[in-house]
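One chain, subunit A, appears in both complexes that follow, with subunit B as partner in the first and subunit C in the second.
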Partner chain A sequence: MGSLFRSEEVALCQLFLQSESAYTCVSELGELGLVQFRDLNPDVNAFQRKFVNEVRRCDEMERKLRYLEREIRRDAIPMQDTGDNPEAPMPREMIDLEANFEKLENELKEVNSNAEALKRNYLELTELRHILKKTQVFFDEEGHLWPWQAERDGCAGNLDGGSVSLTQNLLPDEAKGPIQLGFVAGVILRERVASFERMLWRACRGNVFLRQAQIEEPLEDPATGEQVYKSVFIIFFQGEQLKLRVKKICEGFRATMYPCPEAPADRREMAMGVKTRLDDLNTVLSQTQDHRHRVLVSAARNLRSWMLKVWKIKAIYHSLNMFNIDTIQNGLIAECWIPVPDLETVQLALRRGTEKSGSLPAILNRLSCVESPPTFHRTNKFTRAFQGLIDSYGVASYREMNPAVYTIITFPFLFAIMFGDLGHGIIMTLFGAWMVWKEKPLSVKKVDSEIWNIFFGGRYIILLMGTFSMYTGIIYNDVFSKSLNLFGSSWHVPFNESTIRDNREIMLDPKQPDQYEGTPYPIGLDPLWQLAANKINFLNSYKMKISIIFGIVHMMFGIILSLWNHRFFNRRLNVLCEFIPQVLFMSCLFVYLTLLVFIKWVNYGAGEDVPLVLTPGCAPSILITFINMVLMKGYEEAKGPNSCSAYMYDGQFYLQRMMVVVAVICVPWMLVAKPYFLYRASKQRAMLGTGGVEGAMEETPSTMPVQPAEDHDMSEILIHQGIHTIEFVLGSVSHTASYLRLWALSLAHAQLSEVLWGMVLRIGLSTAGTTGGFAMYFIFAAWATLTVVILVLMEGLSAFLHTLRLHWVEFQSKFYEGQGYAFVPFSFDSILEANESTVTEAK
Partner chain B sequence: MFIFQNIIIMLDSAFNIDCGYLEGLVRGFRNGILRQHDYLNLVQCESLDDLKLHLQSTDYGSFLANEASPLQVSVIDDKLREKLVIEFQHMRNHAVEPLATFMDYITYGYMIDNIVLLITGALHQRPISELMPKCHPLGTFDQIEAINVANTSVELYNAVLVDTPLAEFFGECVSEQDLDELNIEIIRNTLYKAYLESFYNYCKNLGGPTAEVMCPILAFEADRRAFIITVNSFGTELTKEDRAKLYPTCGRLYPDGLAALARADDPENVKQVAEFYAEYRALFEGAGNNPGEKTLEDKFFEYEVKLNVNAFMHQFHCGVFYSYLRLKEQECRNIVWISECIAQKHRAKIDNYIPIL
Partner chain C sequence: MKFCGPKLSLCCTILSVWGIIQLGIMGILFYIKSPAFLEDLFIPENATEPAAYIDAMEKSFSQIALNCWIATALYGGTFVLSGWQMWLNFKK
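Right, the complex of A and B next:
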């Protein structure tokens, strides 16, 4: 155990693998996910490594699978995700897989090309059908005279009379010689018609005549499978020259031209022929589609497991590429980080791997190493989110105290101080609880929404934050800005109705037994305060004080944690020169401040038998007292038993003066002591000529890597220590003040919810009669929406961010280095997850 | 309103209102341009598959992942171009004035090249459908495939180009002569001259950093064309007067250098003209056709890369879009060059790429 408080011990190990068993061993380790391999050939290019051919084969297989997947998706065939996790196949099975994919790909390609050819054919026939249909209209419009007359002797495209109708133009003019009037019919993309027409007119100098009609239904483009709209056109012209030219332009605009017989009878015949051929083609097409569908459905069944297999093989070869090659013994040498408690498991996995391949066993050696090992925190689904909060600030240095454990409680607690409202807390808790309850079905369902994933990842944080907010809500006695009077208020109003009506404000006196019972409300704030005019003053004083108290406790806790760090790493010098003065500094100033708060709370109060000095009117202001303490200013002693005293207890002045002196002494202590000792040690070492003294001062434990003895640069140490000291001294003031955000946000939250109640819901509640009922219906909806959106979501987010800051800056700066790097084990699960997310992104 | 717009244009920082996103984007793209160590790795590749593997670790990512191996150089070339075009068109689609016109101007150069390519192809009786894939996708327009309708340049203008943005550049080269090889070259260069001058003026009118950056680049482009036209004209039937008409007049050579070039009779004369201009002298001095020496063309490319890299030192101007395209094209040429060398096992010249940065 103990792994919760510190990162786990990680050992650098060397693995000797036989080349036959390397693959299976790495495969086993990948399933295990407890080993991080080090790249032993960082200088070698990706394409010069040993197993680059295998990686390439995997790439090729992946490509084929992607092709299959694309095709499957295009036909909208559901892919089965059975959720099973096939083991990485043996290298020899790779050939089978490859052959299989190859076959499938070729088959599919063939089917596709067949289908495309058929579709092209189909498209052509459909277009032809449309042409025949549409041109029929053109020809009809131009009068039944025209076709046979044109056939007989053609006609002159006499275009001199612009106002003369087309039919007349086309009528044979006996005066001119027999000129063949030809025409071309075809189909063109509808968006190109305009420029096509313009081009025709320009290139042929207006000597052609174009008619066009739109084909209403979209046609399928066989190459892309997209639906496109086309138009039928027919161009009349005269002469071979123009014909050539028109044809060129048609080609240029990718128009498809079809032969169109001139005689109506021929056209009718052709239309019949086209229709029968279309029918035939339809049956063939549907058969091809069926075949394609069958192939794809059978592929879809296995696609996911194939993909997983290929990914696994690829991952294994990528790892093998990081190994060194032992040419003498024909094996591979790997270096890896393994958490010490898992060494046994890893050994077992290696044995399984070697048994599978039936070769000599793999050998695992522990190495000692200079560089610092990676940081590995074993987490579960509960602690993972909290560890994530810490890691996003900085991964812990190897084996230093892990703040995540304490964060589990302190984080929701500080959040709740700011978010204290029973009602909002319940909403948050219910949401968190729902996510935790439905954990399994929700986590299986992969949602792309980033916001949802953030919420779901932090479900336990949300649950805890909600429950803690409920608690602080009870303490603040706040439910949607109203109070609950569960146990009966301790205050009573003894006045009769007329007094209450006549006076705008009535003061209740705690000294009067008929107004105050003498014992406080059992838990939290008395509900009476909700009505009091001085509610804000009272709450401010209370919340400010608890913010400071919790802040100082939190920071002191952080400083104490640093002692554990110093002891663990055997840094005695740091305990003497940092930890002790820091604790003294904090206790003499700020812990004393909280003590004053408690003294004031306990000693001063109202009551029958309280002497005048201890009445509320005489209570000294803590702020003034503290400022005077630091400025070392004294007060006159109390004159007699009937006047107030500025001091809370005897000898306060001298005690305070002493504490300030101690605190001031702590500053140079922190600043100078450590550099001085280091300087002396290095001088002694220089005299002895060995590096033994450094070790005496800062002994490194056996598990720690031995740092190479380096000559400390004195000025660097001084500067470093100076920054550290200034940061601490100034920080202790500013950080204490920073905790006041607890009060500020809590005040803001309470006020905001009060405003919302007063401005929105009260309107509904104060409207009488049936209309009030209807109005309430809508007003409640508005109020509920605003409550959830603004008070729970927005305020929750802001309180969350402030809490995060309090942890990262105020708390962790006291002890946390965060200079480590994370342990990233070679694990199939994480690799597959990453691959799958890229695949879904690509969609 | 007009005054107000002018004030806005004058403010450099107002550039970001319209083009800030795109500039960010293009600078991001530029950071993906291969660096020296990438080239060192590429040069070591044994096969095109190695090359693909290495490109996967760069910003190119998996752009070749869906290609079946063995790879062809032409496939690589196509894919490189396709990626660049997608990037450019993405930016063009998001651009507003004046950047939109600026980016359109960039594409006009490709249109000219495409037209010339198609006409030349048509002269040699090649079908248009075979030539179309060779055209640059940035320079296509609606009527382009119908270009072989034209037999003379008048027809070319009246039938095809009059609707395209190139129409305004075509004014000078309308003639009734049939299109032949020499004619086409002249058309190309006249078009290019008009295009460059128009582009130059457009940038100059934009003013601000855009003019500061783009004018030197375009001036160099103009001078390079003038030099190359002159060098290539030796030994052809092009007369000196005709040649002088082809020189773009927006470069640093204008007017004295161009006049001197117009009189040049052999490459030595050209070199003498360059002597008078410090940066061009340096280019001509190191150039040669012997092994170990860089050709003049490569020297020009190097200088162009330098200018384009420097364009990124300024902020708030449209020049980065032009420069990015140019740098990326150079990179594509480099990768294709290296791939060709690998594919043909001709490693001696593999180092003749032009490094960027």
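Right, the complex of A and C next:
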């Protein structure tokens, strides 16, 4: 029977697969996701496994696909996720896929390198165009500048504007003649211009002349693709040596030099040539980009399904690597864990796999095993979250009682005791309900935020916590720290004006029928308590007592669950020596305590006909009674008609004495009984001798090494039992007190809520006049934000944590072992999800 | 036209709905003089005589009820505004 009561029966099975059908069978099993393979070659290096070549090919394909994905993402092309799940392709299709990816990669690489070369060319031509434009300005300027020079030298007649060579004009008059000035023109990064100029000045000792002009528009650097600002420069020099020096410095500063004709006519011709070439280049560039875009778009359509296929192939070969090769029958042997109820389904899947590949059917047979199988809980979307809470502490041992079933109700309930507020419960319920209602669209959307994923994963827990909190909010009669009066309070104030005026505080007497009706408020706390000055005194007593009651119920339930564990595993000794003394100990002390609480609640009260001994004034303190009981104090007293009694019922003294004695006997019972019986049993076995084989195994043993049997050393058993006993006895007191956190947190929540109302909202409410309306508008927003952030989120998280602790420590320590390991089936779904998450993390 | 992002408009819409509901109900409760709100009233210092005190209480109840309804109306306006922004943000 598959249920959450205890984990499922898992069998170790051996699988004989023919070589041809191995791939398809594993593919079918992967789709099914019910089989956990064991690694039969644990000491084999990853590089020595049989299918390492195929895995390597898969890695290559994955790399190519990732390269394609990067290029697609760079061009911001949307990749559609059709959501379909392609099947793992056959090995022969793998070759086709490889060839396809290779072709795509090469094409893309070629297009990219072509584009880069074209861009470089484009850059050079653009720079040349700028140079031609700017040097025009230089040469014009020089024409205007030199009249000053000529006048200075006293020759005004030499100038003729543009007809005289510029270089001639630059020379001083004496030097005019056969000496010609040379010049180089080029482009350099704007940042480097200043140091370039300085270097030129120093290296050529001031004998060169630099003019530069900035290029206004940024140019695209072909390698990095980013925009840079450059400047055009032109350097004039005289002589070959300076020319060499200037060229070297230009190369050092990585300035690109261009041949620039001197004559303006030549320059104009060159500019036109450059323009036409630029236009041609532009067309070619845009065509290249279009081609690249088309290639990427067609790849983007299939990229996702290719990626899934490659991942599946890789997963299949990883699993195949774990199998043993059976050379005799040309097959593969696999060992796997399969849940027993699913054996039929697995057989069907294997049959499908062998049919697809058309070979002999696979053989599945069960093995016996000594080591414990993995723990498998079959969960659905609702129970998975609660099972996850339990598994975080420790995975259940194989076939142990599963605490998750009970957690579904006890967790939200204990949370609600600490969180009890109708208003905050409504907020939490609405949030949980929205997440559950919009489950499908929200789960498809892949959100990166870890916090959102945690909240969404626990949506059912949040919904349940919210609804339970609404219930406890009604019981505590607390809505954002105000009470609801739905049924009419049972308390009334009958005093006249003078009494009220003369007394600061009046205590309403429940004995007077005009002050207390005699019947309590039907559901929950009477709304008048909200206005009472001694509200906390009353609530403290109430909440502490119910915390202890719930705690002891929870712990007794845990102990009783251990009985089911003992019976299932046939541990009769444990039932006798652990379960019974534990139950007796807890009952005699702590269940009796809760009984006292109930007796006090029922018997003692205020009223007109109540005898003196049962009035609230005479009610004995339960704590004192308990302490006196354990210390064996107290005495039988004479009961007069007008005196209070320390006892709640007749014979209490003797009954309590007996209970303490029984509880004290339980301690050595827990400590000594089990080691004694084990000792006797081992002695008997030693006397009978080690003869007698354990019984022939009908099923073949597993090929894996077997774990050694448990140690039956007496000292170990005694120590273990001692620890267990001390833990239980001391734990019973400390855990019972630990449940008082239910009271503490609920008090803190109520007080926090009251403070928030009093310190924030009251300011808006008690503002005089109509400005209060506008003040309320803003103050309400502040109050609402603080309510959500502090009271719902922070307190909710805090109460969640405390409830979790109560479950993990106080409840589960009574019966839970938690030493198992989880059943992790070979499932494509989980592998694909894991791969997706690593991809999103890497981004 | 759009001056709020999607998150701000969503938050403001939810806050406005909550404000309308809660302030509306609180206004009604103040109007019927619910004693749960006794400590939230504004009683001026000089009202020491019982008659004056009760009078101040009743006046305060009505005033605060009016204030709550003003705030409800303001949140109604905010709801329209942020709802419009939300519609602008989320229409595809």
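Note that the second predicted complex is superposed on the first by the 669 of 843 C-alpha atoms of A that agree within 3 Å, B and C clash if a C-alpha of one lies under 4 Å from a C-alpha of the other, contacts with A are read in each partner's own complex, and residues count from 1 in each chain.
Just so it is clear, a residue touches a chain if its C-beta (ideal position, glycine included) is under 8 Å from a C-beta of that chain, and two chains touch if they have at least 3 such contacts.
On a predicted model such as this, the values are computed, not experimentally measured, just so you know.
Novice: Under the stated touch criterion, which partner chain does A:K446 make contact with: subunit B (first), subunit C (second), both, or neither?
Specialist: neither
Novice: With both complexes overlaid on chain A, does A:R120 touch subunit B (first), subunit C (second), both or neither?
Specialist: Neither partner.
Novice: In the overlaid three-chain picture, which partner chain does A:R198 touch, first (subunit B) or second (subunit C), both, or neither?
Specialist: In the superposed model, A:R198 contacts subunit B only, not subunit C.
Novice: After lining up the shared chain so the two structures overlap, which partner does A:R501 touch, if you call subunit B first and subunit C second: first, second, both or neither?
Specialist: In the superposition, A:R501 touches subunit C alone.
Novice: A:K511 contacts which: subunit B (first), subunit C (second), both, neither?
Specialist: neither
Novice: Would you check which partner chain A:K683 touches, where first means subunit B only, second means subunit C only, and both and neither mean what they say?
Specialist: neither
Novice: According to the stated criteria, A:Y67 is in contact with first (subunit B), second (subunit C), both, or neither; which is it?
Specialist: Only subunit B; A:Y67 stays clear of subunit C.
Novice: Of the two partner chains, subunit B (first) and subunit C (second), which one does A:R301 touch, if any: first, second, both, or neither?
Specialist: In the superposed model, A:R301 contacts neither subunit B nor subunit C.
Novice: Using the superposition on chain A described above, determine whether A:K248 touches subunit B (first), subunit C (second), both, or neither.
Specialist: First partner only, subunit B.
Novice: What residues on subunit A touch subunit B, complex-wise?
Specialist: 45-48, 52, 55-56, 59-60, 62-63, 66-67, 192, 195, 198-199, 202-203, 245, 248-249, 251-254
Novice: Residues of subunit B touching subunit A in their complex?
Specialist: For subunit B paired with subunit A, touching residues are 41, 44-46, 49-50, 53-54, 56-57, 65-69, 128-129, 142-149, 155, 158-160, 162-163.
Novice: Considering the complex alone, what residue numbers of subunit A touch subunit C?
Specialist: Going through subunit A, the ones touching subunit C are 482-485, 497, 500-501, 527, 530-531, 758, 761-762, 764-770, 772-777, 780-781, 784-785.
Novice: Spell out the part of subunit C that touches subunit A in their complex, as residue ranges.
Specialist: The touching residues are 15, 18-19, 22-23, 34-42, 50, 60, 63-64, 66-71, 74-75.
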